[in-house]
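Encoded as structure tokens, here's the structure I'll be asking about.
Labels run A, B and C following the written order; every chain starts at residue 1.
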Amino acid sequence: MTLTDRQQLSYIASQAADARLNVELETEGMTLNIGPQHPATHGTLRIIARLDGEQVVWAEPVAGYMHRGYEKLTEVRTFPQVTSLINRIDWLGSFANEVPFILAAEKLMEIEAPPRAQVIRTILFELSRIANVSLFLGDLGVQMGAITPVFLAFRDREYILNLIEGATGGRFHPNFDRIGGLKDDLPKGWIQETKGAVKKLEEFCDTIDDLLFGNEIFQSRMRGIGVIPADIAKDYGLSGANARASGIDWDLRRDQDLPLSYDLADWKVWTHPDGDSWARCWIRLQETRESCKIVGQLLDQIPAGPVMTKVPRIIKVPEGEAWVATENPLGEMGYYVVSKGDLGPFRVKIRSASFNNISIVPWALKGVYVPDIITILASLYFILGDIDR
Amino acid sequence: MAQLSDDTQTPQGDTAPAALPGDGLREGIVDTLRNDIGEALLDTLLKPNDDLWVRVSTESWLATGQALKAAGFTYFCFLSAIDWMPSPFGNSQDDPDDEPKQIDMTIKQGYTGGETRMQVFARLTDIDRHVGITVKADVADDNQVVDSWSQLFAGANWHERECHEMFGIGFNNHPDLRNMYLPGDFEGYPLKKDFPLLARMVKPWPGIVDVEPMPDFEEAADAPAAEAPAGAIEGAES
Amino acid sequence: MGLVDKGRLPAPLTKLFNLSRSYSLWVYQWGLACCAIEMGAAFGSPRYDVMRLGVIPLPASPRQADFVCVSGTVTDKMAPAVKRLWEQMPEPKYAISMGSCANCGGPYWDSYSVTKGVDQIIPIDVYVPGCPPRPEALLEGIVLLQQRIKNEDMAAKWRGDEFTTLQRTRAMEAGEVDREGELISDTRSISDEPMPEVAAAHPEPIVVGGGPIE
């Protein structure tokens, strides 16, 4: 821990020295506008940064360029229609978006999916996590000028997308989860295929570990930068890998009782004490490995049986309120579903992970240098659909 | 796996998770909260093995947040609002040729009740004890303002901005309640129930044609074969 | 481009220009939502490899791009930025709209904040439907755009006219069709038509200085 402590200290000292220099040199303030369309902002986020010399005095993200009005639209859709809509919130791990909503609806209806459906759900959930985070890992290099990792990521991600497509029919937006189970059973030969693909993804993780995380430039640009302490992280509601990188041992896959089959597998929640950019990325790398492990183990444990319980043809969800959150690729994603006994929900509050994760940006960017803006944003990892909804 | 330096290996995670939250724990939380804010705790609902809801008075909204934070609910999950008025436009899914249904406009609040049309609600989590709580408070109809939590939980800042933009609810002492989503010249509060979706007004919901009977369900077999498409939804409900 | 300025270009020269233009298309990726990832897969991944079609997906700015691929949901807040981007691009420029959202609003057809179709803001040459379209579909859209460019009457494009094919301009000059005439300009039917070819039996006379050819 000494290494990173020292690095953090030297970073802070250099920041302070620079601030003094700024005063001496009487540097002029300047406003830097990044976005709304900028490759480094993962889509259409706009960052307005007020600079003093090379340092950020304050920064402010401007969201809303991707606001599509999900919460209003869910009120005019029926429950089965909502899944096809909320697929598109976090578009890199679409299946994971459906699960908490379906679970909330099932909770209100007091039904539960059959065990086979639960295991398959968990497998697809983890596959979408791999599809999501592998692109993050590839994209990380691009933020620092390394082009190769993103090609690797796109190459290896295709294996996962093929699997998701094989099982659900959609590469991206499966719309596969149903209230009471799944739309279909797995196709023949899928399990064998998946085992092969998971191996490939594990190799991909090793490659990225060598290529990126072992790289000195990468380390020196990430370590000790953008430190977020645990209590600040809790205050802002950071979740997922961002929280675990600050040492918060909190994973909704492990720490709550949901009808998903995580307890069938033997896996580990990684945390990191540093809370810097590097820790956040490193946690994500480890999580991809853990996901591969979970999928590999669950594939051997799929029980026989139906994938759908009996549900009425026209689904009417009884009156009530339910909150279900799961550990999505980006962090805690939850749905607060209010039903009035109609065909559609009365109100759905979508608690998306990136919204909270990005609200820390004004705090995290205060005082950093301009090149670090990009790496800090990259390591916080957000998806625009997940911020704006 | 490449070589990792020592500081990346953390011992956590292998330890067994703390006991999952029991209902006894939740009752204890309610008691603590009642001790702290007293009469302001208006109603509570504890669903066994599920979740905990409390409703507090509007004036004690901030005090509740403080009390809960002191009681260990340090993780801010979300803050939002609900408009309990039924939508005057229905669910916009009916056949336009049908008789317009009579919409019952009585306002009926959900769990833990309430008196007003608007309610703010927030969710906090205690990470150590693995338990969450949903807090609700009424927002007066004539004066739609509550205290801001943004000094208490920094994350509430953006959630309150969103809430202000979507529902028009004001927050006392909020640093800046600018719009965050919509372009500057947007009028209205989209998540209020009386905000119309214009695209739906000018064009009937295309989904109403999609009511073909599905052959492999008993209900479909029982139902008369030549059912009118528009009637299929009502017919199958019985 | 003196010849072009005169509004008349010999057909073989047009053909040559069109051929070279269609195989060195620099595309600006205007990725907005989920479709952007599929666009990234089409443009950036080794599996789909768009460069084999002669499309270069890496211009640094819209000012050096030949066509823009708008992929994803255009919101009302984003719309002015899209328009400004389009205005920055140099002529001749083309636009592909990828995904149902960009085409017509898609799943958000009833939303209060989504622009129902990017064609309300900028003119679109090729629509690629799907939610999201597969990368192959985008590649087909690009191939169709290339066919359109190959058949294009460059001079008309330079003058800022509506899109016309060279055949149509010639036919119009010969009085075979009028302005609203039969030869339609949608991309599909162009791809079936032969290129404006100089048949070996009837070599087109080339007049130096750009006089009438036929």
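Keep this in mind: a contact is a pair of C-beta atoms (placed from the backbone, for glycine too) under 8 Å apart; a residue touches a chain by one contact, two chains touch by 3 or more.
Quick caveat, the model's predicted, so the values are computed rather than measured.
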Leader among chain pairs (count of C-beta contacts): A-B
Chain nearest the overall Cα centroid: A
Chain of greatest Cα-centre distance to chain A: C
Length of the line joining the C-alpha centres of chain A and chain B, rounded to whole Å: 22
Chain B and chain C, separation of their C-alpha mean positions in angstrom: 46
Inter-chain centre distance, chain A versus chain C - centres from mean C-alpha coordinates, in Å: 36
Chain A residues counted as touching two or more neighbouring chains: 64, 67, 69, 72, 76
Chain B residues counted as touching two or more neighbouring chains: 92, 181-182, 190, 195, 197, 200
Sequence positions of chain C contacting 2 or more other chains: 77, 110-113
Touching residues on chain C, where the partner in the complex is chain A: 30-34, 36-38, 40-41, 44-47, 73, 75, 77-78, 81, 85, 107-108, 110-114, 131-132, 134
Residue ranges of chain B in contact with chain C within the complex: 92, 181-183, 186, 190, 195, 197-200
List of chain A residues in touch with chain C within their complex: 36-37, 43-44, 64-69, 72-73, 76, 84-85, 88, 91-92, 94, 135, 150-151, 154-155, 157-158, 171-173, 384-385
Contact footprint of chain B on chain A as seen in their complex: 1-4, 62-64, 67, 69, 71-72, 75-76, 78, 81, 107, 206, 209-210, 213-214, 231-232, 234-237, 247-250, 254-257, 268-274, 282, 312-314, 316, 319-323, 325, 332, 334, 336, 338, 340, 342-344, 347, 349, 351, 355-356, 359-360, 363, 388
Chain B - residues contacting chain A, complex: 1-3, 5-8, 10, 12-14, 17-18, 20, 50-51, 53, 74-78, 80, 82-83, 86-87, 91-93, 108, 110-111, 121, 123, 127, 130, 132, 134, 153-155, 157-159, 166, 179-182, 190-191, 193, 195, 197, 200, 205, 207, 214, 217, 219-220, 233, 236-237
